[in-house]
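Pasting the structures in now, so scroll down.
Each of the two complexes below includes chain A, the first together with chain B, the second together with chain C.
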Partner chain A sequence: MLPNYASPVEKLWYWTFRLLCVLVLVFLMSPLLAIIPLSFSADSFLVYPIKSFSWRWYAEFFGNGEWMHSLKNSFIVAPAATVLATVLGTLAAVGLTSANFPGKSLLMPVLISPMVVPVVIVGVGAYLFFSPLGLTNNYLGLILVHAALGVPFVVITVSATLSGFNTSLIKASASLGASPLLTFRKVVLPLIAPGVVSGALFAFTTSFDEVVVTLFLAGPEQVTLPRQMFSGIKENISPAIAAAAAVLILFSTALLLTLEWLRGRSERIRTAKA
Partner chain B sequence: MPEVVPDNDVLVSFRGVQKSYDGESLIVKHLDLDIQKGEFLTLLGPSGSGKTTCLMMLAGFETPTHGEIRLNGALLNHVPPHKRNIGMVFQNYALFPHMTVGENLAYPLKIRNFSKSDVDAKVLHALSMVKLEKLAHRYPAQLSGGQQQRVALARALVFSPQLVLMDEPLGALDKQLREHMQMEIKHIHDSLGVTVVYVTHDQGEALTMSNRVAVFKDGIIQQIDSAYTLYEAPSNSFVASFIGENNTLEGEVLSLQDGFCHVKLGDGVGLKAKAVCADKAGARTTMSIRPERVRLNGASEQCANRFTGKLQEFIYFGDHVRLRMEVAGNAGFIVKVPVSELDGSWSVGDSIALGWNPEDIRALDPLHP
Partner chain C sequence: MNAPLTAADGEPLKKKLAREQRLKQFKAVALVAPLALFLLLTFLVPITSLLFRSVDNPEVVTALPRTSQLIRDWDQRGLPSDVVFAALAEDLVKAKAEGTLADVTKRLNMEISGYRSLLMRTARKMPLQLAAGESVRDHFIQIDERWGDPDHWHAIARNAESWSPYYLYRSLDLRETKSGTPVLAPQEERAYLSIFGRTMWMSLWVTVFCMLLGYPVAYWLANLPKRQSNLLMILVLLPFWTSVLVRVAAWIVLLQSEGLINSGLMALGIVDQPLQLAFNRVGVYIAMVHILLPFVILPSYSVMKSIPPSYVKAAISLGDHPFAAFWKIYFPQTLPGVAAGALLVFIMCLGYYITPALLGSPEDQMVSYYVAFYTNVTINWGMAAALGSLLLVATLALYTVYSKLVGTDRLSLG
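Right after this comes the complex of A and B.
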């Protein structure tokens, strides 16, 4: 709240600032605000104004074999890529913070390069590299590249959590008789879990939203939800796309909220004061 | 008064141990040390003298560059830390923040596959030892510093290790709590009979708690003895100046006889002192005498060494008074007098007769060669 002694200029700024914040939030949300109502339109085209309300595009989405196939593919590729990226990224971050070796400072940029290099280049590169190996038009190739795209997020978030890690906990655990592996499972992992979870979340959404690499690597069998939406937009602009988008958004939001809640809970336990 | 080591069996032995972190300078220069079973041994020394390094080598977190360490006769050099069965208390407690107090204590027991009922009983017993039974369900962040320290202590003892290492465990506590915990640790040591190696740079702590104290300097043990011997019979001038308060006089050895020596001070005055390090006539020596061994006025008349001191300052300490005097050209000479023996007629600037016995002043190695 504003203190009593605030001058008119301060009052003006106080309200302008609040207004600006709202505008920024609205801007960020506008694609959602634009697309979600359209999914409830009875009309056959993606146009405003909405004349009457209907569930028909959701029925279309859930009843159509192509949409369901792509949804299934997304739920195969994204979780697999997430698990791979999270495991590898966490191990890389732990190794980078605990060990000391020559060339260490070069390794970090290499690991996060998939985030820096334009995705089209990653797509072309992966295609050229994978096709002689028979890794195009198959799930494994797609999962590998999606995992590579997710690793940088995991490495960054886990490294950040580890930078505040009290290393005498590892010594304490060893002195109490725990092998290094057990120490990692019982002490290190639970304490860096918030970082691991955030990283996994980023890795998941990276794969779940990914179109470009999928365009290069996926055959008709591996079409994912975003890829299906992309071709849907090119061919016929049916509001079923809006329904698909709404489902995607709903799922991502639910995931985010659940993990945020879990993370907040474990954080509260560790920093709780009597 | 010197304390006797309870058991003569050796638990830990260091033989010719050296440690260098960078391959050039030796942090631990040469360590030969036997730690007796049931002993409370303190490593005392100034910052950077290699105390923590020695402890870490024993715990297995650092490897000796040379030499061997044995536990119960078995070579430790290639045993990883988690297989050594040595308890450890860290300065910053190192409690697992995501586990409750009870879970922290159960951790080493579960690793050792104790049954659920054994775990519960041992945890409860360890908690009652440090008087924290009621806090088993709290998280470490919900405890005060002193309580966390007790949990750390209980956790290091709960799996009944033969040996417990403590690296400045009380460093973060305030003075009163620290003194209380010193007594508590001492009592726990006495009742369990566990061997403790304790690191501190607080000499009061070292003297009150230990069976033996090893005084470190520059990676070498200067002297290892009971608190009484260290204080009353320091074997070199570093130990004399590091432990307790101490007056020093510089001089040159004139002659040696029957363990005593005659020394000429800078201003030509002679005195007789116990020859500890002084081994030949003509050598320089630093002599050390404790402030409470100096006698004043009438009491000084039977002493072999007699001087006149010029009173410069009274310093009041409640139970005693320290007199700062100039003696034989030495301005910082301190004499400790119980309040009851104070003479009301003394005032700053007076000359007072003082003296001490030859066995109370020790001729040691020269502090400034």
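Right after this comes the complex of A and C.
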């Protein structure tokens, strides 16, 4: 807060600074706030002012075969990729954080690399490598590559949770006669669950939002929602896209709230321990 | 001498411990192995094979095996010997029968335009029907006089190996001389160097804008009471979690000439006619900064949260001006974390494709666009692989710097 004795220059600076920050936050929110009302417009063009409101673009979105087909595909590919990435990533993170893992500092950057390699390269590489194997134009190829893109997030979040994990709990469990598997299920997993779930959420949005790899690997049968939106934006941008966008914003809000709730939970667990 | 310590069963403790450690290591490796194998097959091998494809040059060797073998002994002066001509005749007959002709004509046409028709025309006249006393060479030149031009033979000779730096040279705007040394292409033929330059330039500006806008917000949020900052953080996280396609669509709606921004500016009388904001560089910058801004704000915020406010207070109480205290005490402490965030944003920018493709003009496309273009539109995989490899090398070089500076095991997500 600004003290009472602040000079006029300091006051001016204080308020300019705040104004700048608020403007940046407005900038961040403005596209989301601008497109939602348009999805309720009865007009055929995505322009303001809105003359009359209607649900017609939602009817168009939910009644149109192509949109629904792509939505269904997204809900096939993303969960499958998420499960794959989460299981493999969690196991690897547990292995990596366990004592004296050989070559951890070399392996970690490799496991994280799908996050930084340009997606176009991943897409083209997978396309050229998978097409002789018959993995293009089908779900499996798409799921495999989407899972690879999601893995880094799971590894990062689970490793972060494990780094605050008290390993003597494992010893305690073992000394009480539990098998390693039982210890993992009953002791380790519940404690790292928030990390696993938030990693899974990241992996899910990575796949759910992915369009470049899908452009290369998917046939007309596997068109996902972002892929459908991509061609929609490229060809003619109709208000049905605004309806799709509004649905997706609602969806990402739900994901975000889940994530924040998990973060709070894991923080409470951590502080309770200390 | 002390006897070694032993366990209850009489086994030396040291040995038992070593075995236990080995078992533990083995378990850890067994846990990581599935993921390592998975990434190897779905990610590392495809990308490595893309790297190889950038120097892959199979067409001439496959379609004209005898010719490629014999032409290697050619001294590159004048025309090759009759043996090479005869080998080409033989190869063309086979290539026609095996259907490999199309690939090789396409490949050689990249070297000298018109090569396609030359080969097709010659292949049609095969097998050889020599008149009495006529040499193979004369017969070829009679079919088409271009066979008397050494350049057409140099083109075959350059591609007589199953790998070639041709695509990589092209991607760097280099041309091979007859002897194969690379020289910079004439100004009017250069294309890719400026595309790489543009990619770097645009990434640099997006990073700078992100820093300029993101740093103050992170500072503000880090110094607000927790309740308020958590609430305002939602405004950063919600766009972050929203689909990139949704955001690009929304920016098109906002920025187009009938869009909200232009109609607002016109209603206020600031401009008389709509500004061109979408489908040019401005639109690409706005949308890219919007997408990448959270990647600066979130890590900067967590760095700033960890800085005790007492240092700056101490500096001020010792008589420093608040601005000077900020600049000399606070800013240097945030620098490593914030610089790492900036480097990550720059790395991510380099590979951008969707945003420029949807919101930019042809002059705003980055390297990724051309990789996709050569893969999907012109089906020139050599070029796609070469441009992609160069982009990948640049990204990985910066990523190595990043992981050395930050350490990937300390990476966290917000």
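Assume the second predicted complex is superposed on the first by the 234 of 274 C-alpha atoms of A that agree within 3 Å, B and C clash if a C-alpha of one lies under 4 Å from a C-alpha of the other, contacts with A are read in each partner's own complex, and residues count from 1 in each chain.
Going forward, contacts are C-beta pairs under 8 Å (C-beta built on N, C-alpha and C of every residue); 3 or more make two chains touch, one makes a residue touch a chain.
Owing to the predicted nature of the structure, the values given are computational and were not obtained by experimental measurement.
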Item checked: First, second, both or neither for A:Leu176, with chain B first and chain C second -> first
Checklist line | Touched chain A residues, chain B compared with chain C | finding: C
Check: Now for A:Leu111: first (chain B), second (chain C), both, or neither, which partner does it touch?
Finding: second
Next item on the list: Check whether A:Pro190 is in contact with chain B, with chain C, with both or with neither, and answer first, second, both or neither.
Entry: first
Notebook entry, point to check: After lining up the shared chain so the two structures overlap, which partner does A:Ser168 touch, if you call chain B first and chain C second: first, second, both or neither?
Noted result: first
Next item on the list: Report for A:Leu262: first if it touches chain B alone, second if chain C alone, otherwise both or neither.
Entry: neither
Margin query: For A:Phe208, using the defined touch cut-off, is the partner it touches chain B, chain C, both, or neither? Pick first, second, both or neither.
Written below: second
Note to self: Contact-wise, after the overlay, does A:Leu250 reach chain B, chain C, both or neither (first, second, both, neither)?
What the structure shows: neither
Item checked: For the chain A and chain B complex, residues of the former touching the latter -> 166, 168-169, 171-180, 182-183, 186-187, 190-191, 266, 269-274
Checklist line | Parts of chain B lying in touch with chain A, wherever the complex brings them together | finding: 59-61, 80-88, 90, 92, 94-98, 107-108, 111-112, 138-139, 141-143, 155-156, 159, 165
Notebook entry, point to check: Which positions of chain C touch chain A when the two form their complex?
Noted result: 21, 24-25, 27-32, 34-36, 38-39, 42-47, 49-50, 53, 213-214, 216-217, 220, 232, 234-239, 241-254, 258-260, 263, 290, 293-294, 322, 344, 347-348, 350-351, 353-354, 358, 368, 371-372, 375-376, 381, 384-385, 388, 391-392, 395-396, 399-400, 402-403, 407-409, 411-413
Check: Considering the complex alone, what residue numbers of chain A touch chain C?
Finding: 10, 17-18, 20-21, 24-25, 27-32, 34-35, 38, 45-48, 84, 88-89, 91-92, 94-96, 98-102, 104-105, 107-114, 116-130, 144-145, 147-148, 151, 153, 155-157, 159-160, 198, 202, 205, 208-209, 211-212, 215-216, 226, 229-230, 233-234, 237, 241-242, 244-245, 248-249, 252-253, 255-256, 259-260
